[in-house]
Amino acid sequence: MQPIDTIDRDIMKKYCLDFTVVNNEAIHELYSLLTLTPSDSSTSLPDILPGQFVQVRVDNAETFLRRPISVNDVDRDNHTLSLLVRNAGEGSRWIMNRRQGDTVNLMLPLGNGFGNIAESDNRPLLVGGGVGIAPMLYLGKCMSLQHRVRPAFLVGARSASDVLQLQSLQQWGDVFVTTEDGTMGEKGLVTASSVWNEEWTTVYCCGPAPMMKAIAQICKKKSLPCKVSLENMMACGLGACLCCVEKTVRGNVCVCTEGPVFDTADLTW
Amino acid sequence: MANLEVNIGNLQLKNPVLTASGTFGYGEEFKDFISLDRLGGFIVKGTTLNPREGNDYPRMAETPAGMLNAVGLQNKGVDYFITHIYPRIKDIDTQIMVNVSGASIADYVAVCEKLKVCDKINAIEVNISCPNVKQGGMAFGTTCAGAAEVTAAVRQAWDRTLIVKLSPNVTSITDIAKAVEAEGADSVSLINTLLGMAIDVERRRPMLSTITGGLSGPAVRPIAVRMVWQVCKAVNIPVIGLGGIMNGRDALEFIMAGATAIQVGTANFIDPAVTVKIIDEINGYLDRNNFKSLSEIRGII
Amino acid sequence: MANLEVNIGNLQLKNPVLTASGTFGYGEEFKDFISLDRLGGFIVKGTTLNPREGNDYPRMAETPAGMLNAVGLQNKGVDYFITHIYPRIKDIDTQIMVNVSGASIADYVAVCEKLKVCDKINAIEVNISCPNVKQGGMAFGTTCAGAAEVTAAVRQAWDRTLIVKLSPNVTSITDIAKAVEAEGADSVSLINTLLGMAIDVERRRPMLSTITGGLSGPAVRPIAVRMVWQVCKAVNIPVIGLGGIMNGRDALEFIMAGATAIQVGTANFIDPAVTVKIIDEINGYLDRNNFKSLSEIRGII
Amino acid sequence: MQPIDTIDRDIMKKYCLDFTVVNNEAIHELYSLLTLTPSDSSTSLPDILPGQFVQVRVDNAETFLRRPISVNDVDRDNHTLSLLVRNAGEGSRWIMNRRQGDTVNLMLPLGNGFGNIAESDNRPLLVGGGVGIAPMLYLGKCMSLQHRVRPAFLVGARSASDVLQLQSLQQWGDVFVTTEDGTMGEKGLVTASSVWNEEWTTVYCCGPAPMMKAIAQICKKKSLPCKVSLENMMACGLGACLCCVEKTVRGNVCVCTEGPVFDTADLTW
C-alpha cells in the first residue's frame, strides 16, 4: 500500500465500480456495517484517503439519486472497504438491506479527505458524534500506522448502547466517551468532556452540525486548528451539479470536491 | 456501425449525444469515467457576464424519478472562463458549446462578444429559460416577444451556430420556437426544467432556499418528448431534445419524435459514464434494425 | 384525534381527502377495499351530455413514477348517470360530486341543468382541462377568456358549490385561477394532467392511440405543489390540490402549500385502500405534532 | 371448497393482501412458476374462478403500476395459488426474482373468468399458446374435478423445450402439442393441428392475439362457441381507469371487469 501522504489527491483517479457485499453486520438497530470488495476480482481496490467518501447507487422505487457515505475503514490485505450506514431514509435503508453476495455500484474515491498530517500534529483529537465516528476510525488508523501518532478519540453518544465501534477505535488510540445519560464515560455532550483541558495539536470532527459548530467555537478560543467533515445534500459528488455548496471565505464551494473536510477558519460559521 | 453524424446548422457533430448545461461541469469532472472525445459535444454550464455566487444552500431536493435544483447560475463569469477554463478544454476533440445567460439583453450580447475570441467554440446555447434567477432567465423565455428580442440581439453579435434553449413553462412552446426561428436562431433545444417545489413536511419548510426550483429527470420525459414532437412539426430548424434521458432507448424516443440531437443531463449524476453507453446503445439499435443512419428514424412518429 | 373537517364554499367535508375524477369510477369499484363513508368525498368520472365511447385502445402508458392516459371521457352520459348510477350511490354518507365535461358551453350548461334533480349532489367540478378530447376540454382551460366564459355560464345554471378544475399546461395558472374566481367559482382544483407523450421505440410508434395523453402520478407532484402554492397566494377561494399524492406526507405537502382539500388520483390504481390510509396518516401527523386542526398548518409555507 | 359453479362472480369480494412466496421455480429460461400463500396465516385464500387474474404490486425503480397475471392453479388444501410469469420486462422480472419467504402484495380475484360450464359442454378444447397456457391448467382442473369432464388441451410452442407444464396438464386431460420446429407433437401452429378434425363443444383459448384471432375464425367456420382471454394493458384492474378497453358489439368495455374472457361473438374481430 502506498503511504497516503505521498498520494496527490488532485490526480487520484475516480472510479465507478460494482462491489460485492462481503459482510453486512447490523451493529445497532439504526446502524449497519457493510464490508465490500470489487466484484471483478481483477480490479484492485482504488486508493482511498481518510475523510473521502463514496457515492452509492440505490435501486428502489423511492430513490433516484446516489447516496454519499464516508469510508469507515479500508482493509488493503483483504481488498475491502467498509461503510457505516445509518438508517436515515429509503435510500440508506435499501443499502442496509443488501445481503451478502449482493452487488452495489460505487463511485469513489470522492472528496478531499482530511489532508496530510503535519509532523507537528502529534497530539490529534478525533471527535465523532453518532454516525460521525465513521470517518474517524480510518483517519485514526492511518495516523497510527503511517505517522506513529497515537490519536485520541472523543466519542459522543446518547447512551452507552449508542457508542459504535469502540473496540475498533481502541486499536488505534485512546478513546474518551461522553453520553447524554451518563451510562458510559462522562455525562453530557462532547463539548463538556474533560479532554478539552488537555493540550491538542489539531481537532478533527464529524457529527451533527450544531456539535461541529460548538467544537469549532471551542477550538477558536484555544486557537486550535479544527477540521470538520460536512454532510451537505448532494447529487453528483463530482462538482458538476453545484448543489452541495457551503459558504466559505472564498465564496460558495462544493462540499463534494473542495470538501467534505474544511478547516473551520475557511467557513463562515 | 451506422452513421451517427448530425448537423446543427453549420455545426457538425460526430454523434447526436451532447450533455446538458449545468450537469456536466466543464467536462473535466467526468474525464476519469469517459473519454470526452467520444461525445458529439458538451455544453459548459451557464455563463454570465459577471461572476455569480448562485443561490443559498439547500439548492437540491430529490423527487420521484427526478430532482429539483435551484443553483441560480453560479459561475465565475465569462472572463474567468475564457482565461482559465477554455485553455484547459479547448483541444478536446469534440464540439464545446457555451450556455449563455444574462439578466438583460445587454448582458447576453456582452458575453457573446467576449466569447468570440474562443475560436474552438463553434456554438452557443442561449438560456432564456432558467427558472432559478430573479431577473432575465425564464422571464425572456415565456413570451414570444421576449424570446424574439433576446434572439435578435444575440444573432447580431454572434455569427457562429446559435441555439436557443426553451422553457417548458408555457402554454404554447411552438409559438416561442417559431418566434426564435424567425429571428435567426439556428436551432432550439428543449426542454429546460419545469418549475416545481417540494416541502419538508416534518420541518414544515420548503426543501429549497428559493422555495421553487427546476424539475429534471425521467419524471419529466413524457412532457419533454411531447414538446419536442410538437416543435419539430412547427419549425424548420433542427431541434435538440432533452429531458430525463437515461439510456439509449430514451434518446431514441426523442429522435423518433423529430430531434436531430439530444442532451443528457441529470443522468450524468447517477452514472458518470451514461453518455458513452447511450452512444453505444443508439448504435446497437440502428445496427440491430439495419438502419444506416439516424435520418431513417428521425421524426418517424 | 384532530379536527379534519374542512369547507369548500358551503360544502362541508368530514375530512380533506377526496378522490380525483376518472380514477375512482363511481366509488362502487372500491367498496370491497374501503368503507366509502370514511372519505371526505369522491368525484365521479367525467360526465358529458351524450354518451361517449372515448378513444381507441391503447389508452395508457407507464412512465417513470407516473402514467399517461388518453381515455377521452368515456362515459354513458348524464341521463344514464342520473337514472342508473346515482340511485345506487346517493345514500353513501359522503360528499358525492360530479365532474362535468363538454365540447361546448351549451353542453356544460345542459349537464348542470340535468344534474339539479340529484339533490344529494352538492357540488360539481367543471373540467376545463381534459387534454384528451378534440373539442372543448383543455381548449377552454388554457386561456383566461375561455375559462371565464365556461365558469360564468355554468355559474348561471348551478347554484350549489362550483369547483373549476384547472389545466397545468399554461404559462400562468394564477391568471386562469383569478379569471374563474372573478366569474363566481367557489373553488378551483388543480392540477389536471400534463400533456405528455411516449414512444414504443422497438415498434417505432406512439404508445397511445392518440399520440399524446395526460401525465399523472408522483412524477408531476413537484409541479402540482408549486402551482397550488402559487394559486393559493393569488386567489381568495379555497383551493383543492392534486397531482401525484401517494400518501399522507404528500397530502400534507399540498395542505402546507395552502390547499384546503386534496384529491387522490393515480394512487388508487396502485393501492385501492390508499385514501383511508392517507386520512389516518394526516391524523397521525397532526396528533404527533399536537395540532388541533388543519388550519394550523394550512399555507404555512 | 365451494364448487365454483355455485359462486356468483358479481358478488365475489375482492381483496388486497400480502402473500408470501412459498416456492419460486424457474421452469424455463423465460418462465418462473411462483407459489404463494397469504402471509397472514389467519387469512384464508379467497375464492378464485378459472380465468380470473391477480394484480401484483412491484417495487423497483422502473415500475410504477401493478402487473396483471392470470392464475395458473389453486391448491385449496395448501392454501396456495400459483402464477406462471413470463420475463416480459422490468415488472415481470422483479416478480420472477422474488425469493422464497419474500412478500408480494396481490389484488384478487379480478375479472370474470371463463364462466360456468354448461352441462352440454362435454367435449371442451383448451388451447394455450406460450404463457397463454397459464389459465388453462386451472380451467382444465376445475372441469375435471367439478364437472367430471375430461378436457383436451392443445398446446402451441416454438419448440419442445418451450412446452410448459406438460405433466400438470396431463393430470386433467389429453394433451395435444404443436411445435413450430416439429420437435414435439405435430409440426406447425396450433391452427394446423389435426385436433380440429375432431368434434368439440366449446373452445377456450389464451395466447398471442394473432393466434386467438385465427382460432376465432376456425370456430366461426365450424360455428363452435369460442372463448378467449385477452391481455390488454391495464392500470387499476377494477374498472376505474378505463384504460384496458376492448371494442365489443356493445361498445368499449373494460377487459379487467367485463373480461379478460370474452365470447368471440361479442368481439369486433
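Note that the chains are named A, B, C and D in the order they appear, and that numbering of residues resets to 1 at the start of each chain.
In this section, a residue touches a chain if its C-beta (ideal position, glycine included) is under 8 Å from a C-beta of that chain, and two chains touch if they have at least 3 such contacts.
In UniProt terms, the chains line up like this: B, C = Dihydroorotate dehydrogenase.
Computed from a predicted structure; not experimentally measured.
The distance from the centre of subunit A to the centre of subunit D, with each centre set as the mean of the Cα atoms, comes to 54 Å. Per-chain CA centroids place subunit B (Dihydroorotate dehydrogenase) at a distance of 34 Å from subunit C (Dihydroorotate dehydrogenase).
Averaged C-alpha coordinates put the centre of subunit B (Dihydroorotate dehydrogenase) at 48 Å from the centre of subunit D. Looking at subunit D, one finds that residues 61, 63-64 touch two or more other chains.
In subunit C (Dihydroorotate dehydrogenase), 61, 63-66, 217 are the positions where the chain touches two or more neighbouring chains simultaneously. Judged by the touch criterion defined above, the protein chains form a single closed ring in which each chain touches exactly two others.
Taken pair by pair, the chains that touch are A-B, A-D, B-C, C-D. Per the touch definition, subunit C (Dihydroorotate dehydrogenase) reaches subunit B (Dihydroorotate dehydrogenase) in the complex via residues 61, 63-66, 68, 142, 169-171, 194-199, 201, 204-206, 211-212, 215, 217-223, 225-226, 229, 244, 249, 252-253, 256-257, 285, 297, 300-301.
Residues of subunit D touching subunit C (Dihydroorotate dehydrogenase) in their complex: 13-16, 57, 62-66, 107, 232-247, 251-252. Within the complex formed with subunit D, the subunit A residues making contact are 59-61, 63-64. Contacts from subunit C (Dihydroorotate dehydrogenase) toward subunit D in the complex involve residues 22-25, 29-30, 32-33, 45, 53-54, 56-67, 69, 71, 74, 217, 266, 268-273.
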